[in-house]
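Heads up, there are several structures right after this.
Each of the next two complexes has chain A plus one other chain: chain B in the first, chain C in the second.
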Partner chain A sequence: MIGYILRRIGTSIVVLIGVSIFIFGLLHAIYPSPAIDVLGDRANSALVAAWNKQNGFDDPWFTQYLRYMGNLVRGNLGYSYKLNQGVSALLGEVWARSAWLSGVSLVLSVVIAIPLGVYQAIRRNTFGDYAATGLAFTVYAMPVFFLGLILIQLFALDLHWFSFEGSQSNSLLSIIVDWHAMTLPVVTLTLLTIASFSRYMRSTAMDVMAQDYIKVARAKGLPERLVLLRHLLRNACLPMVTLIGLSIPALLAGNLITETLFNYRGLGLLFYTALGNVDYNVLLAYTLIGAVLTIVGNLVADIALTVADPRIRLA
Partner chain B sequence: MSQLSAGSLPPLDVTRAPEGGAIGPVQSGWRLAVREFAQNRLAVTGVAILLFFVLFSFVGPIFYHGNYVTSNLLATNQPPEAGFPLGTSNQGYDELALLMKGGQAALEVGFFSAAVAIIIGALYGAISGLVGGFLDAVLMRIVDVFLSIPFLFIVLIVAVRYGASVLSLSLLIGAFSWLVPARLVRGEVLTLRVRDFVAAARVAGASRTRLIARHLLPNALGVVIVNVTFQVADAILYIAALGFLGFGLQWPNQDWGDLLSNGVTYLQDGYWWQVYPVGACIVLVVMACNLIGDALRDSLDVRLRRR
Partner chain C sequence: MEVPRRMSAHVARVGVAGAAALLAVGIAACTSSSGSSTSAPSTSPSSSSSSGSSTTLAGSFGSVPAEASGTQHAGTITVAAPPNSAPTWIMPLITAADNSVFTVPEFDYQMFRPLYWLTDGTQPKEDPAMSLANDPVWSDGDTSVTFTLKSNYKWSDGQPITSQDVLFWYYQLKAALKESPANWAAYTPGLGIPDQVKSITAPNASTITMQLKAAVNPIWFWEDGIGAIQPMPAQTFDVDAAGGKPITDWATNPADATKIYNYLTAASKSVSTYASNPLWQTVDGPYKLSAFNATSGAFTLTPNAAYGGPHATTESTIEFVPFTSDAAEFNAVKAGTVDVGYLPLTDVPQSSTITSAYNEFGYGDWGWSYVTYNFKDTTGNFNNLINKLYIRQALAHLEDEPGYVKAFFYGAGAQGFGPVPATPVSPFAPSNAASNPYPFSTADAASILKANGWTVVPNGTDTCAKPGTGAGECGAGIPAGQKLEWNVIWNTSPSVIGEQVQDWASQAKTVGITMNLSSSNFNYMITNYNDPASPKTINKWAMEDFGGFTDSTYPTTFGVFNSTGSSNIGGYDDPQADKLITASVSSANPSAVTAEAEYLTTQQPSLFQPNPDGGFGTASIVAWSKSVSGTPQSFEGLTQDTWNPEYWFFTK
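After this line comes the complex of A and B, so read on.
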């Protein structure tokens, strides 16, 4: 098992290097130099060339890549010329807000989707199953922002239960207690994730239900509650681990749009603002962070599955 | 017992069928799949919805001439009434005409980008699976690399610079969504290439190109077709997201996401006709594609197919 985990970590590092080269190369090809953004539209070419030379933007791109990675290892993610601040500091200010929003939504969706999927599998082809499937299918086909919009219209504008905007506070503690502002963003992101998770959970639970060990558990007289808890739930949860790892890019995308819609100042909104400003270093840094999160998430999911599932561990 | 020579038997009398139940004619797998599909009511609904939107977007403008070109400041934000069946936008454009125009872009981008993704993905996967060995390992690591990139971020970054037209957006979305089809086709080819008919073709001297084109890809077509429908659905959601964030198609193209984001500004004024019809269009088209995809998967899945 140790050998497998080490090999898996090795692959992840190779993929990580590949991803960083690709992202850096692509962004470099699109935005070779921020000179114009810094010096202004009317800077003449001599000025631009001098600025590029001074800041190392005339080096070959691979040299620039190596320099960027060297700085990155030391915690320096470059400088945002638009916001006049180091990118590391910018990200440091807002990452906790995004982590809170996404983390709470992810935990909620897992906690809701697993029992929902199992319930649908047990009560297959009943009204409850059809209703849940239909709802999940509709939300699954919905753009995040439209879902958020409907929630805003219903619960913020019509019923006045919640705020139509995410919390604007700077302290994480006050964001955590401010459920009035945070409910709608969290619910939007949660519903979106449940819609995709519960479909998988339902079919996995149905596969597990058809297994012989469930029959054995029932045949030996185990109460149905224990059959479900000990045998069905535990086995049906395993593919969930992989699914969570795989859905990180989708979660980040959902986070980006939710934060933009609810004007919640997190990493997603920072990225969105940077898109409009063409703030190269912010775009690069957050895309890299997203890739790292994806790779690490998949790695952790695979290792967790190896540890949890003896069939994989021994294979 | 089956070794009896044909000559010693009397000619078959087809009118006298053997006892023990009716024997149907031999049907091809594809015909079975179509029948299976047609029996699925949800799938037929999906096809009907999609067909409706194709007609609505491409034939509709021939019969309905709404204004979406010149702004009309005397008729902004009009609720649905005689002249404007679905009201007008904040610039006095006719919402129904905008919906039709937006539908064209959504369907075009959806199908173009799915085509791009499938062509790249199928060839890539087929080559990787057929050649195997070191090349396969390298090609699949490259897929891993691409799959680890948060797709929407990259598409947004590129779209800010190169977005704007139906073709460029389709190429962009297609260029970043061939990974799943590549993996699917590779998996399919890995199981197909050890089958007897592929070995027979190889013994008969078929080249690799011929093997891929004549034997592997047609047999992997099932998974590819299923995947196309999901690709179309995803692509439509992607351009809606791009449009909503303000990096979608540029005038004179319209996209549904952009329309929706314009409508949001007026949400609290109660201009529902700028928000809900277009939202419903996106949901319906995407849902139709997903329904068709699910049904196709069921009807093409060999394990479930009735024989």
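After this line comes the complex of A and C, so read on.
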């Protein structure tokens, strides 16, 4: 087991290096230097060249990449020329906010989507299944931005049940207890994830229900509740583990829109702002974080699968 | 002089002089004669506040009510701050990189006032009551200028503002520019302050005299030069470390001036310490900074009890509340949680939903929007096409400006035919700004082409049928069979740019002109298609539309349309234009800039486009709660990104 995990971690590091080279090269090809942004629009070519030389942006791109990675290893993510702050400090100020929003949404999604999917599989082609399917399709087809706007208009501006914006507090504790402000952004993210997860869970649960061991369990006279809990749920959840692992970076992307819409300062908004400003180092850091989360999500999912199903690590 | 602007990307820059977007003068009162004063007609905001009627300007969206006459109440006035608007600089010597309407007029000017306040509502004229100095007096054939500081303005620690504070700023500027020309946003090599200054002296504690190397245009030098000076409290800033000993030889020892500058800039880069660093608490503006959130950009201004300028009887705290998107900001306005905010251009059709709680006002800001022509692009012989005036005239006839204002701006904008449009009203506007010299008419465009030797094929491709340089022929450098076809690159944000360009291209196609459209973004375009910065890409584009320029209130196009201008992106080169533009900055003629604008409106060095209403650094309508009042000018000025919250108060 330990050998398996070490092999997977080693592979992940190689993938991460490959991704970082690709991202760095791509960004460098589009924006070779932030000189114009730093010096202003009227900077002439001589001034730009002098600035590039002074800051190492005239070096070959791979040299710049190695320098960046060297700093990265030492915990230095670079400097935001636009915000006059270190990127590490910027990320440090907002990551917990994003993690809370994503984490709560993910947990709620899993807690609701798994039983919902099983229910739909058991009661397939009934009114309840049709209703849940219809709702899931409606929400799934809806852009995050649009769904958020509808929730704001209905529950914040018309009914005044919740705030139209997320918590503005800088204290994570205050954010956690501020359900009035956090309900709508959490619900927006959760609804979208439930729509996806429940459909997947319904499908896998139906597959498992057709398996022989379910028929055997029922033939033995095992109560339906135990058939579902002991035999169906555990096996049907295996693909969900992978899905949840893969959804972690997707939640980060989802945060971008949700945070922007609900005036909630987090990683997504930081990226959005950096995109508008062409804030070179922030863009790099955020994209690398996305890559790390993707790889870590996969790794965790793989490890969880091996724990849940020992046959996998033997394969 | 100007810098590029985006119409709604929330990074609108202050006019080129850094402070210059806030500076303006009344042209009629300006003179260059020896010993005269360049005084301008003054209108104190408070003087018109009791008019008792609302202000409606031609071309405006909505109106501004008169100042409420009842009891004034203090409180905390919340102001919406758009996305990406966090201030990033505080030292009153603004770098090019940090030069934005959010950092300068909205933030820095609230604490560190410029020498002259040359905006009055929507008008580019001085408000003498808010100027720190009396009007400059010129002598020696416009090579010497003297100004005196007023006694009513003091630093918040009780010390008077003296000529040493102005000199301190000047020598800090010299130290800044020695390190990099980018260290002052308003700097143009060889022009203005400090390159044209031969000497600067302080005969006494309140008088400063500048001797210049050559005669300048007094109005221009006032607005884009001395008007941009922000005195610094020399007695507080003259250190190179916190708690350090005063360094008093900054005027004579450049090394010591540099030490001070490096210390001040390091403090200015430390955004998380803005509110806590005592350095920034010695101010001469109406407010002190009491809170600053480096993460969100939120900040709070509390009244400076020692402020010597005009303000509301009962002063309020001003709290800037940042928003992550225009949609979030508009939700806040609809929910009534901000006192002063804006409606983004795209939400203007919903303006009626907030009229019960908010006043709304929209007006064009100084500047212009345009499609840049690339006079150096040899691809498809474009350079020889676009340098023909008749082709530029035909292209202007294909632009449906009234239609764009109605359909794309929802009425919140005004037509613009040249670099100085009729709206906003400006004393510098030329006579041909009022009516389009090349109104929308595809028939006229086709006629012009036919009259110059082209075979016009509607919805096809026009070709030159009569090559040559004579009357009725296509013109120099255009061979027989030449096609009218080129590429146009447009900025995707805001969408109105694309909407206008696409309509223009479709109209062009009806007379046989083919424009191949492709989209890009502001930063990429500025980085890759700006000729002075990237000459290698000059043949990659024929036309581009990145937005336009935010003007100084002195609207010369120096830098943009003069042949050697650093922002002359398309390489426009016209000796007559050069002569007129140079006159705007160096001649004694107070009407020089008007003559420049008139000529350029006729010559169409680019396609001038309609301008959306402005405010909050974006294309928007300004909105403020009906429970907040103040002088009409203090709200009108928001459309020009001029901030005077010191006049605001609660009515209940």
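Convention: the second predicted complex is superposed on the first by the 305 of 315 C-alpha atoms of A that agree within 3 Å, B and C clash if a C-alpha of one lies under 4 Å from a C-alpha of the other, contacts with A are read in each partner's own complex, and residues count from 1 in each chain.
In this text, contacts are C-beta pairs under 8 Å (C-beta built on N, C-alpha and C of every residue); 3 or more make two chains touch, one makes a residue touch a chain.
Everything numeric here is computed off the predicted structure, so don't read it as measured data.
The superposed arrangement places chain B and chain C in clashing positions on chain A. Legend: residue contacts after superposition of the two complexes on their common chain; A:Phe57 is shown touching neither chain B nor chain C. Contact with neither chain B nor chain C is seen for A:Phe155 once the two complexes are overlaid on the shared chain.
Contacts of A:Val48 after superposition: chain C is touched, whereas chain B is not reached. When the two structures are aligned on the shared chain, A:Thr287 is found in touch with chain B, with no touch to chain C. In the superposition on chain A, contact of A:Val19 is made with chain B only, not with chain C.
By the touch criterion defined above, A:Tyr4 lies against neither chain B nor chain C after alignment on the C-alpha atoms of chain A.
Of the two partner chains, chain C is the only one touched by A:Glu93; chain B is not.
Using the contact criterion defined above for the overlaid structures, shared-chain residue A:Tyr65 touches neither chain B nor chain C, since it reaches no partner. Touch criterion met: A:Phe262 reaches chain C, while chain B stays clear of it. The clash between chain C and chain B in the superposition falls on 399-407, which is one of the stretches 291-299, 399-407, 453-461 or 579-587.
In the superposition on chain A, chain A positions 30-31, 145, 149, 152, 157, 260, 272, 276, 278 are in contact with chain B in one complex as well as with chain C in the other.
Listing the residues of chain B that touch chain A in their complex gives 141-142, 144-154, 156-158, 160-162, 233, 237, 240-241, 244-247, 257, 260-261, 264, 267-268, 275, 279, 282-284, 286-287, 290-291.
The part of chain A that touches chain C in the complex is made up of residues 30-31, 36-45, 47-48, 51, 81-85, 89-90, 93-94, 145, 149, 152, 156-157, 164-165, 168, 170, 259-265, 269, 272-273, 276-278. Considering their complex, residues 11, 14-16, 18-19, 22-23, 26-27, 30-31, 137-138, 140-146, 149-150, 152-153, 157, 249, 252-253, 256-257, 260, 271-272, 275-276, 278, 283, 286-287, 290-291, 294-295, 298 of chain A touch chain B.
Residues 3-4, 9-11, 13, 16, 83-84, 86, 88-89, 95-99, 180-182, 185, 269-272, 293-296, 321, 323-325, 327-329, 331-332, 334-335, 337, 523-524, 526-527, 530, 532-535, 559, 566-567 of chain C are the ones touching chain A in the complex.
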